[in-house]
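Have a look at these structures, which come just after this line.
Paired with chain B in one complex and with chain C in the other, chain A is shared by the two complexes that follow.
And then the complex of A and B:
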C-alpha cells in the first residue's frame, strides 16, 4: 500500500520530473526516468496497467519514429544500411532513440500519475484552490476516460460474446473483434455523454458562484515544502536549459 | 433535508403539444397536470404513452426549443402571486429559457435509468450524494449532516464508501433518489421508482415518499404498473399515445374497464394466483448445473466473504426456475457464471452436461442465451434488425434473416426493424433485448429482471415467449423481484441470500 499523498504533491512531482527530463534533453536521463517510473509502478502495484496503457500509446509511436527517422533522416551522414532512397543512418537512429526515450519517459510518468492519483481528490483539491469547476471536471473526465472507455468496451464485448462472438488469439480474430466493437463503443459513449449532460445541468454543475468540497484532502507542511521544491527545481531546469540554448551557451 | 420541510410548491402544466425535433407527430398533446403540496399524483401509461416525456418536460430535462417544439404553460406556484412563475411557450424563438439548475431547486427528478442521474466523476456513494450540495457551495459540516440523513432515509448508510459503479440495480435506484431529494425540492418526479427494487428497497422508497408527502412535497410518480405505490396516489392521469386517456381518483378508474387497452399493468390485485401454463417436467438430464460453485470479485479474500458460496443448482429441459433475493445478493453475478462471462473460484458449471471451464463465452452462447439486467448493456447496434441479426449467421447461416424476423415478430417489434434501439421506449428496449436471446433458440435461457420496464403488452409477449421456450424444451432461469410473476410462471422459486441459494 502506498502512503496517501496529497494529489497536488503527485501532480507537482510528475510535472517537475517531466519538465526536468525535457530540459535535460539527454537520452540517459530519459531512460533513467522511464525505468524509474516502471520501478515505482511495480512498487505500487500498478505496473501492469501502466505498461499496458503506456505500451498501447508508445508501440505505434516507436514504430513511426524508427521508420521516419531511422530510414529517412535528412541530416544522416553515417550510413549503416542502404535500400535505394532509404538509408539507415547512425544519426537517424540516434535521433529516433532520443525522441522515443523522451516520449516514453513522458508517457510512463503521466500514466503512473493517472493511475496513482485519486481523481475525486484531485478535483476536490483543485476546487478548493478556486479553479473553475469545469476545469476540474474536464481534468477528471480526461483522467477517468480510460476506465470509462474500458468499462463501456467490456460491456459491448460481453454483449457480443453472449451472442456468439469468439475472440481467438490470432491477430486477424482480434482485428475483427475491434472492428465489431468500435462503432458500438463510440455510439455508446456519445449516448452516455448526452444523458449525463442533462443530469449535470440539473444538479447545478453549471451554477455560478463558489463551490465547496465534501472530500477533505489531508495535506502536511512536508508535502507543501516538497511541492515548492519540486516546482523550483523544474523552473531552474527550464531556466538553465534556456540559458544553455542562447548563443554562446552549450546546447 | 436542509430544514424541517420543503417549501410548499405547486407545479401546474398545460402541455398543448410537444413535438421532438425531427418528428412529425407530437409526443404529447393536450395534457394537463397539477402536482400539489403533500399530494401523490400517478401518471400511468403503457410503453410509448408519453409518461417519461411528460416527466422530463416537468423537470426541465427536456426543453422547448432545444429538444423540440413546446406549446403550453409551466407554472411553479410557491404561494405568491398566481401569475408569478408562469412560463408560456408558443413554439417560437422568443420562448422562455429554463435554467435547469434553478428549476431543479424546486423540481427534483429521478429518471427511469438511474445511472443517468450520476455525475460519473465521484468515487464513492457519499461523494455522489454531495455533488449537488458542492455545486451550491454548502458548508462541509452541513453537507456531512445532510448526506448522512439522506443516506439513512434511502437505506444507503452501509454503502456510503462504495464506488457507485459497483452498486446493484436496486441500490443504484436508491442512490439516484437520494441525489434528487438531497436539495429538498418542493416537487419530486419519480420515473418507475420501484423498478429493480427488492421488497426491503421498495419499502424504503415507499416510506421515504410517505415522509416527503408529510413534509408537504408534491410527488409525481410515472409508472406503467398499478402497484402498491400508485394505489396510494390521490389522483391518476392515464396516458395513451401522448394524450390523456383517463383521469380521476384511483378507485374510480380501477372500477371500470378504463385501463383496458392502456397498456398499464394492473398488479397487486387480490385474487387467485395463476399457475404455470405447463406442468413441471419429469426428471431428465439437467440442461444447466452448478456444482459447488463459489465466487467473489476478490479471489484472495476469505471464503466467508464470497458473494456466492458453494452453490448447487440445476434446471432440466422444459423447466422454469425463478431466482429471487435482495438487491446486491449476487443474482446477476450468478447468471454471468452460467455462460462464462465470470468464472467460478471453486466448483464447476455444466451446460448440457459439459463443463464450461476454459470454453469461451461465445461458444457457450450456442446453448445458453443471457438477457442482461439493463437493455443498455445488451444493445449496441444501429438498428433493431442488425441487433437481432448479430451472431445469428454463425448459428443458422442463410436462415439467419428469417430467424431474426421471427424473433422480432414474437416480441411485437415487426415494423420497428429500422429503428435505433435507443429510440425505442423502455419496454421496447427490453423486448428487443429479449428478441436477441430468443432468436438464437438456446437450450437454456437466463433472464435477468425481464419484467422491469415492461407494460401490459410487453408482459404478454414475455410470458408467451417463456411458455413457448419451455414448451420446446428449453430450460429457463429467471432472476426477478416480481414475486407474483415468479409464482405465476415458474415451476420452482429459489432465493439467493447471504451467498447461498435455497428453495423457497
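And then the complex of A and C:
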C-alpha cells in the first residue's frame, strides 16, 4: 500500500477539489480533474473499480443529458441540424458537455474517495471530532449490513419457494412475489434491530461524553496543514466565483 | 425500549437547547437556500451564474442536512438508531434497482418513510439526510439531494403524527402531497448542479417540456411534479403495508407510535412478560 493518509485528509482533499471544480465551472478544468482522478486511481490500483462503478452511474446520465440538451435547447442560436421540433444546437451540445464533464469529475473524485478511505478509520476519526457517535454507527453499520441483508433475502426467497412460490409472467404474480419476500424480510430485520438495541443500550450506547477507541488513526502536522490549506483554497475559489458573478452588486 | 439510566446523571438542559438551535439552523439553511435559488434563478444557465447557483445549492442544502443530523441523532432512542441502517439499506437497494429500470420513478424512500411512521418527523428527517450521505459512497449523484430526502422524512412523520397512517387509503394521499413539495425542492438541484436528470425515463419527460420552450428549471420542476407525487404515493402505500404487517408488540415499542396512536388500535394487552 502507498503511504496511508488520515481519512479526514482524504475527505478534505476531495471536498476542496469538488468545490474548486464547481466554482471554476469550465470544461477544461472538469476534464483535467476527471482525468486526474482516474490517474490517481490507477496509481493506487483501484482504477478498474472506480471506472466500472463510475461508468455505471455516468452512462445513463450522459445519455439523458445529450437527449435533453442535444435535441432540445430553446436558448440555442447556432442550429447544426434540424428535424421537426428537435434541433441540434451548438449551445445545447456545449452545455451538455459542460454539465456532463463537471458531473463526471464530481462522481469520479467521490468514487476515488470512497474506494480509498477505510470506513472504520473514517468512523474513528469522525467520533473524535465531536460528531455524535450514532452517526458513525449508522454509517459503518449500513455499509456492513448490506451483504447480510442480501443473504437474508436469498434465504427468505428459498423458504418461500419451498412453500410453493412460483413467479409467473403476469404483473399480479410478480407483485405478489415481491410482497411475499418483502414482508418477512422487513419483519425479521425490524425484530433483529430490537434485539440489537437492547444489547447496545446495555453497553451504554446512549451515554454522552467521550468514547475511547480501539483504533488509533495516525495524524501528522503536515496533514493537518494540508487540510487547512485545502479548505482555505476551496473557500477562496468560492469567494472569487461569487465576486466575479456579481460585479458591483448588480446581477 | 431504552430506559433512562438509573446510575448516571441525565444530560443537562443546555445540551437540549443547543440541539434545538442546531435543528432550527439546519431548517433555516435549507429554506434560505431554496428561496435564494428560486429568486436569483439565472436567466442564462450556461453563464457564470449557473455556477454560483450550483455552489449555493450544494453548500446550503448539505449544511442544512448535516446540521439536522447532528441535532437529531443524539436525541433518538437506541431502538430507532439501530433501525436506521436497515432503513438505509432498503432505500439504497430499492433505489438502485429502480434507477436501472428506466421507469420515471425512484422508490428510494421506503425505509425513510418506515422510520418516519414508527419514530416521528425528526427521526424521519435525519434518516432521509443520512440515507443520501451514506448512499453517496456507492452513488455520489444522490449526495446533493440530502435536503429533499430529509424533507420527505419530515413530512412522512408529520403525516403519521396527525393520523394519516391510520387508514390505508389516506397514506397514498399524504404521499402525493409530500411528493409535490419534495419535487419542487429537489428540482433546483437537478437543474443547477447536474443540468438535467440522471435517469432515462425522467430525461425523456424533461426534454418534452424543453421542446415546448420551458426554461430548464421549469421543465425539471414539471417533470418532478409528474414523477414525484406518483412515486411517493406508491412508496407511502408500501410503507403503510409493511407497518401494518409488523406485529403490534414491535410497533408499540416505539414511543411515537404509542403517544400519537399512529396506527389506530389499542396497545397489546399488558401481560407479565
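Following the convention adopted for this analysis, the second predicted complex is superposed on the first by the 172 of 251 C-alpha atoms of A that agree within 3 Å, B and C clash if a C-alpha of one lies under 4 Å from a C-alpha of the other, contacts with A are read in each partner's own complex, and residues count from 1 in each chain.
Definition applied: a residue touches a chain if its C-beta (ideal position, glycine included) is under 8 Å from a C-beta of that chain, and two chains touch if they have at least 3 such contacts.
The structure displayed is predicted, hence computed values, not measured ones.
Chain A is touched at more residues by one of its partners, and among chain B and chain C that partner is C. Once the two complexes are overlaid on the shared chain, A:151 sits against chain B while remaining clear of chain C.
Touch criterion met: A:91 reaches chain C, while chain B stays clear of it. By the touch criterion stated above, A:244 is placed in contact with chain C alone, chain B being left untouched. When both complexes are overlaid on chain A, the residue A:191 reaches chain B and chain C alike.
In the superposed pair of complexes, A:123 makes contact with chain B only, with no contact to chain C. Contacts of A:167 after superposition: chain B is touched, whereas chain C is not reached.
Once the two complexes are overlaid on the shared chain, A:220 sits clear of chain B and of chain C alike. Looking at the shared chain after the overlay, A:201 reaches both chain B and chain C. Within the superposed three-chain model, A:183 lies in touch with chain B and with chain C [touch as defined at top].
With the contact threshold set out at the top, residues 137, 141, 183, 187, 191, 196, 198, 200-201, 204-207 of chain A are in contact with chain B in one structure and with chain C in the other. Those residues of chain B lying in contact with chain A across their complex are 59-61, 100-101, 103-104, 109, 111, 113, 116-124, 126-127, 130-140, 143-144, 147, 165, 179, 183, 336, 339, 341, 360-363, 365-366, 369-370, 372, 377-382, 390-391, 394-395, 422, 436, 440.
Listed in rising order, the residues of chain A touching chain C in the complex are 19, 22-25, 53, 57, 60-61, 63-65, 67-69, 71-75, 85-86, 91, 94-96, 98-100, 102-103, 106-107, 110-111, 114, 131-132, 134-135, 137-139, 141-143, 145-146, 149-150, 179, 182-183, 186-187, 189-194, 196-198, 200-201, 204-208, 238, 241-242, 244-245, 251. Contact residues on chain C toward chain A in their complex (touch as defined above): 1-3, 5, 8, 11, 15, 40, 44-46, 48-52, 54-55, 58-59, 69-70, 73-74, 76-79, 81-86, 88-90, 92-93, 99-100, 114, 130, 133-134, 136-141, 143, 193-200, 202-204, 206-207, 210-211, 213-214, 238, 241-242, 245-247, 250, 253. On chain A, the positions that touch chain B within their shared complex are 118-120, 123, 127, 133, 137, 140-141, 144, 148, 151, 155-156, 158-167, 183-184, 187-188, 191, 195-196, 198-207, 209-216.
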